[in-house]
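Below: a set of structures, written as structure tokens.
In the two assemblies presented below, chain A is common to both, partnered first by chain B and then by chain C.
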Partner chain A sequence: MRKTTQPSRRGRTKTGRRHPLATVALIAIGLMMTGGAYAAINAGTATADTDINTQVNIDEGAKLFQANCATCHGMEADGTVDAPSLVGVGAASVDFQVGTGRMPMQMQGPQAQQKPVQFTDLQVKQLAVYVGSLAPGPGIPDAQYLTGDGDLANGGELFRINCAMCHNVAAAGGALTQGKFAPPLAGVSAVHKYEAMVTGPQNMPVFNDLVITPTEKSDIISYLQHLEAAPSAGGFGLGSIGPVSEGLFLWIFGLGSIVALTIWITARSN
Partner chain B sequence: MAQDDNGGKDSVSSGQHVSHDALGASPGTAVIVRDAVQDPGLPPHRPRTTDINPKAEKRAERVVYTLFYLSLAGSIFAIAAYIAFPIIEGDSGSVRLNNMFVGLGMTLALLGLGVGAVHWGKALMHDHEGIDIRHPQPGTTEERAAAINVIDEANRESGFGRRTMIRNSLLGALIVFPLPAVVLFRGLAPMDQDPVALLKHTMWEKGTRLTHDPSGVPIKASDLTLGSSVQVIPEGLAELEHHKIEEKAKAAVLLMRLDPKDLNPLPGRETWAYDGIVAYSKVCTHVGCPVALYEQQKHHLLCPCHQSQFDVTNNCEVIFGPAKRALPQLPITVDSEGYLIAQSDFTEPVGPSFWERA
Partner chain C sequence: MNTVTTTGQTRTAAAPREGGFTAAAAGYIDDRTKISVVVRDYGRKIFPDHWSFLLGEVALYSFVVILLSGSFLTFFFQASMTQLVYDGSFVPLKGITMSAAMQSTVDISFDVRGGLLMRQVHHWAALLFVAAIGLHMLRIFFTGAFRKPRELNWVIGFVLFILAMAEGFTGYSLPDDLLSGNGLRIIDGMVKGIPIIGTWTSFLIFGGEFPGEDIVGRLYSLHILFLPALVVAFIALHLLFVVTHKHTQFPGAGRTQDNVVGYPVMPVYAAKAGGFFFIVFGVIMLISSLFSINAVWVYGPYDPSPISAGTQPDWYIGFLDGALRLVPPGWEFVWLGFTWSFNILMPMIIIGIFIAVVMFYPFIEGWITGDKREHHLLDRPRNAPTRTAIGAAGVTFYAVLWAAASSDLIATHFHLAIEGVTHTLQALLFVGPLIAFVLTKRTCLALQRKDRSIALHGYESGRIVRLPGGEYIEVHQPADEYQKWELVSYNEYKPLMLRPNAEGKITMAERTRAGLSRWFFEDRIAPASQTEIEASHGDHH
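On to the complex of A and B.
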């Protein structure tokens, strides 16, 4: 009995030998697809409209707020045990959080995740002007700072000093503590970049107009747009997330080819 | 068990071994294995297909010279690519094309040579196995005696052993000869500087204004809102002409504004913050990476290199990771014009451990 089963077992170990490699390849493909999915995150474009700040829109915003936000933030937007008060956060904060789909929040967690936007552009603006009308706070930025024709060199230096430690030098994002992370900045619209800087959403520090002036913010936005548009001089960027993806690539393909060559050189010719 | 597998012949021979060794060695000093592994010797020579089949030999020959021709084509391709895809100044795409095609040509050139040579050696060159016996290292007795004789004669004729004054003065001169080099090389290192003092003090002193990195614009306490964080350098650093990088590496500070209620200052440090504004050294106490990943809700500072975490509300004490000490705090206050100033230098050395640090 045993003798008859032996050849088939031997055959199985031969195919089994390929299995670890197949797993590694699957993991690599999975990682690349996840990275690609992150890069493909898409944000709606919003334009600053100066005429939006009317009583009609504020009233519409109040209705939308009471229907969609008041459960957590309170009927008067003054906060509950579940969510902070929104008095004084400003229109910019609402435009960023709702305009990128982070609010209404999908679920409790280390930080609010981006998801498809749930309101039309007009509704987002109405919510923003309503919350902006409660108390003074940072407003939706002026369009002159969002054109992307600022000083690239200055923007690059400011980005590396103030932003790159969390968002990665290539703006590809990075990990923070306990499940929090700084998101990649590719695909984020200029107005949302500006609003994030001025309001400091989630755990991002606040960069108000006295710390980084509106012109400097415009420079940073211009630099990020340049970074996104410029081709990578080194070829395939592997997600630009640094030693993790590059190391993995070399471990699998670089070392793999060295091992294969070594085996071929030392094997006897048939 | 083993005897069954090996068959009768092996068990007989190993049985003979037992009786033979048992006579000479005392019991307990030799371990005699009944089923000792036999030296299998070299496997029988197996001819390759290229040895037997003339067609296979021809094919291998074709593969080898094709590879060498491919290598030749690769080299020419690399030259052609260098001319066809020139590097245009200011166009990073041209650099990429140039590098890629020149690199592909050179890869083909080198791999063609290497793979061809290895395949030639493996498939076509003679594959008989031979043993080269190592040559003895020492010379013959006569040669060695002659060498000693030469040395003795040189000693006798020069008087090296006999004229001790000459010998000792020569040795002394040779020993002192390299000393000027030591002095010269010492001159390349910084002079009149105590590294311990350099590591213990930074550009900060009483009254130095906190300024923005990189512009050097002074910062007012009123500039910061709750949740702000500012990268800070001392006043005057932006204008330094020498040692700017060294001074910045020691004096870089992260300024953060928290709710004053969130801060739990250590005894004696109650006056080091100004209205919730705290300043901490940006140099990690582990191996000196810049710690500037500030989370404004959790008040955690994260070091990106080895994931050390510091709690800003509790004097930047370490809450996770390999760092051993809290980040040094810079005592700050405001001057009469409302600008943030340092009360003094850091009260402890910044950065990781060093030899004089307790």
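On to the complex of A and C.
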């Protein structure tokens, strides 16, 4: 009985061989496409213009502010029970908060959520110069720090020491307490990265120029841009969140395909 | 069986006739090694065919891949914590101070030809190795393959599982990057959490205050010498037992306690196994060439001050990390001048008990059921409802600990508060296994009931017939004889009777045992007996 089954089994083994590998290949292609689509999502960069600081723009900004922000922040931007005073937060803070779509805040929560930006670039700048005109504060950063050609090694070191505990070494983001979180940094423009550091939005600490100098900030920005742009050396990065995604991938796709193959091999003999 | 004997004979008979070099060489080798005797004795062993019987082989083959790729890595890796300034070709690390271990790992990744691929092969194969062992163990457990005479082999296999985790963890710690350093820091913390001797032990392990300069070298000796030697020895023992016990098989027509239905090792099974090795190898290579794993150059060199959000161990250590994360705050106090860190001791104790229960489960079940017979036929999981339910509860317990290790990622990816995730998992750790137990047991019993009704009445055909008298009946399609055999041939157990011993006393141990046995077997569905099956003919149709 055993003998007779052998030849047929061998014969069928040959013809059926391509299918399971094809599955694996398909999975690989599928993942490749998802990865590619993911990488394609990229926000455009905004550049700071110093000559925006004109009285016309400040007045325009004041009008926009009264129409969109005053309900929470007060007519004079001096704060209400709902929202903090913006006197002294600086143009950088407004440019970051409004330019990333966090403000005007949509709903109370652990952390103001990002949503599509509601103003044109010019309007954002007008709001920024208006708030910046109320009292001195961090201004919109100089373009020289945003070029992304700083010292990568130094930037990487500073990022690991100052930022990775919240944002993860690969800038993939991380959890904080009570539903707050440090977002992933891919797709954030250089100017917003700089502004985030100098203004410390919401649950992020402020890294003023004494803690991290402007040149060091520029290094960090360069490193982050490198991290995002450089192809992952080892192949697809699986979200760069480390062993958890690796383990899940192994169980689902690795062991999954192996089990499928064992079933295929033994199915031949029946 | 015939195939095998004839192979031996034709070879020796054909040798002088062909007179070629191969024949002469074969004869030469056989005269000196008696290899044909080995082939005759072991080649004739029969292996039954079922996909789940290949899981152990997956583990074995990934281990072979690990050995091969690992040997390659040893040619280039430097197990030293001497601090150097990196000057390799990876620009974002240029000029950074790091240990020789980290530097050589980065060099393997960027400057050694094929080095990155080998690193990834080694790491992915290691993950697969432990996962395959895990799945293999689940198969053994749920089919009752660990019962007499195979209890010891279960223990050996479980020791292999632990050794594999140790191999994995020591390997994970070698590159001396930020991730592995944080992992070691947790181990350091756990060791220091042991009362009285903790701090001294930690200093002993790390050669001084953490991280010291010694640990990578020490882990390296364990990782490439001591642990692999043990793994190889235990694998040999494990396989020896598999051969001497013969392989188990699923019940079916023609399969009994005394035979094994399948294919002889030589040549069919060996050929298949050889091919299967390359399939496993191929899958590992494919994954390793497409997917990055442990990008140490992103983590950067270890330095005790920074830590990355989302720092996790490799999956198989996850349950330990999860256990630590689930401990509620405030479990540490000072008593008698010592700090008692129950936040660390409690998880260690609970995990210790869990591991001991799994390791000795065959003996525990054997004692409860009082079953001293040999079993070469496997149980279908549904036919041992209580065991299957215990297994499901254990899997749930492990899975909750495992999920807890990624509580922060669960929180960010599903936009939840991490406290909520932790509290839910804390509750699930206790409630989850209970729910899993009850659900699984009920499901098994329901499936058994269904089997019984199929054996007695056949399948519902969906064909409704109106009898001349006006009565409607559904025609049942009787199961064929082979199927019936599978449906009814399983052991029926009854709870042990509480009996006095030789001195006429009922001991406490016996009382517990009878109680447990009742719990084990009180809900059961008896298999349909021959008389019932015969009586059922003529029913319904």
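To be clear about the criterion, the second predicted complex is superposed on the first by the 210 of 270 C-alpha atoms of A that agree within 3 Å, B and C clash if a C-alpha of one lies under 4 Å from a C-alpha of the other, contacts with A are read in each partner's own complex, and residues count from 1 in each chain.
Everything below uses one rule, namely that contacts are C-beta pairs under 8 Å (C-beta built on N, C-alpha and C of every residue); 3 or more make two chains touch, one makes a residue touch a chain.
These figures come from a predicted structure and were not determined experimentally.
Colleague: Which of the two partners, first being chain B and second being chain C, lies in contact with A:I161: first, second, both, or neither?
Modeller: both
Colleague: Between chain B and chain C, whom does A:P136 touch in the aligned arrangement: first, second, both, or neither?
Modeller: Neither: A:P136 stays clear of chain B and chain C.
Colleague: In the overlay, answer first, second, both or neither for which of chain B and chain C A:G174 touches.
Modeller: In the superposition, A:G174 contacts both chain B and chain C.
Colleague: Would you sort A:P116 into first (chain B), second (chain C), both or neither based on which partner it touches?
Modeller: So A:P116 meets neither chain B nor chain C here.
Colleague: Please indicate which partner A:N203 is in contact with in the superposed arrangement: first for chain B, second for chain C, both, or neither.
Modeller: After superposition on chain A, A:N203 lies in contact with chain B alone.
Colleague: Tell me which partner touches more residues of chain A in the superposed arrangement, chain B or chain C.
Modeller: The partner with more contacted residues on chain A is C.
Colleague: Report for A:I265: first if it touches chain B alone, second if chain C alone, otherwise both or neither.
Modeller: The answer is both, since A:I265 touches chain B and chain C.
Colleague: Look at A:L227 in the shared chain and tell me whether it touches chain B only, chain C only, both, or neither; answer first, second, both or neither.
Modeller: Only chain C; A:L227 stays clear of chain B.
Colleague: Answer with first, second, both or neither: which of chain B and chain C does A:S240 touch in the superposed model?
Modeller: Only chain C is touched by A:S240; chain B is not.
Colleague: Considering only the contact definition stated at the top, list the common interface residues of chain A for chain B and chain C.
Modeller: 157, 161, 165-166, 174, 176-178, 232-235, 265, 269-270.
Colleague: Could you pull out which chain A residues touch chain B in their complex?
Modeller: My answer: residues 157, 161-162, 165-166, 174, 176-178, 180, 200, 202-208, 210-211, 230-235, 264-265, 268-270.
Colleague: Where on chain B is chain A touching in the complex?
Modeller: 48-50, 92-93, 95-96, 99-100, 118, 122-123, 127, 212-214, 220, 222-231, 256, 290, 292-298, 300, 302, 304, 309, 320
Colleague: Within the complex, which stretch of chain C touches chain A?
Modeller: Listed in rising order, the residues of chain C that touch chain A are 2-3, 49-55, 58, 91-96, 109-110, 116, 120, 124, 127-128, 131-132, 135, 178-179, 263-264, 268, 272, 275-276, 279-280, 282-284, 286-295, 297-300, 303, 305-316, 318, 405-409, 411-412, 415-420.
Colleague: Going by the contact rule set out above, which residues of chain A touch chain C in the complex?
Modeller: My answer: residues 2-3, 6, 13, 21, 24, 28, 31, 110, 152-153, 156-157, 160-161, 164-170, 172-179, 181-182, 223, 226-227, 232-238, 240-244, 246-251, 253-255, 257-259, 261-263, 265-267, 269-270.
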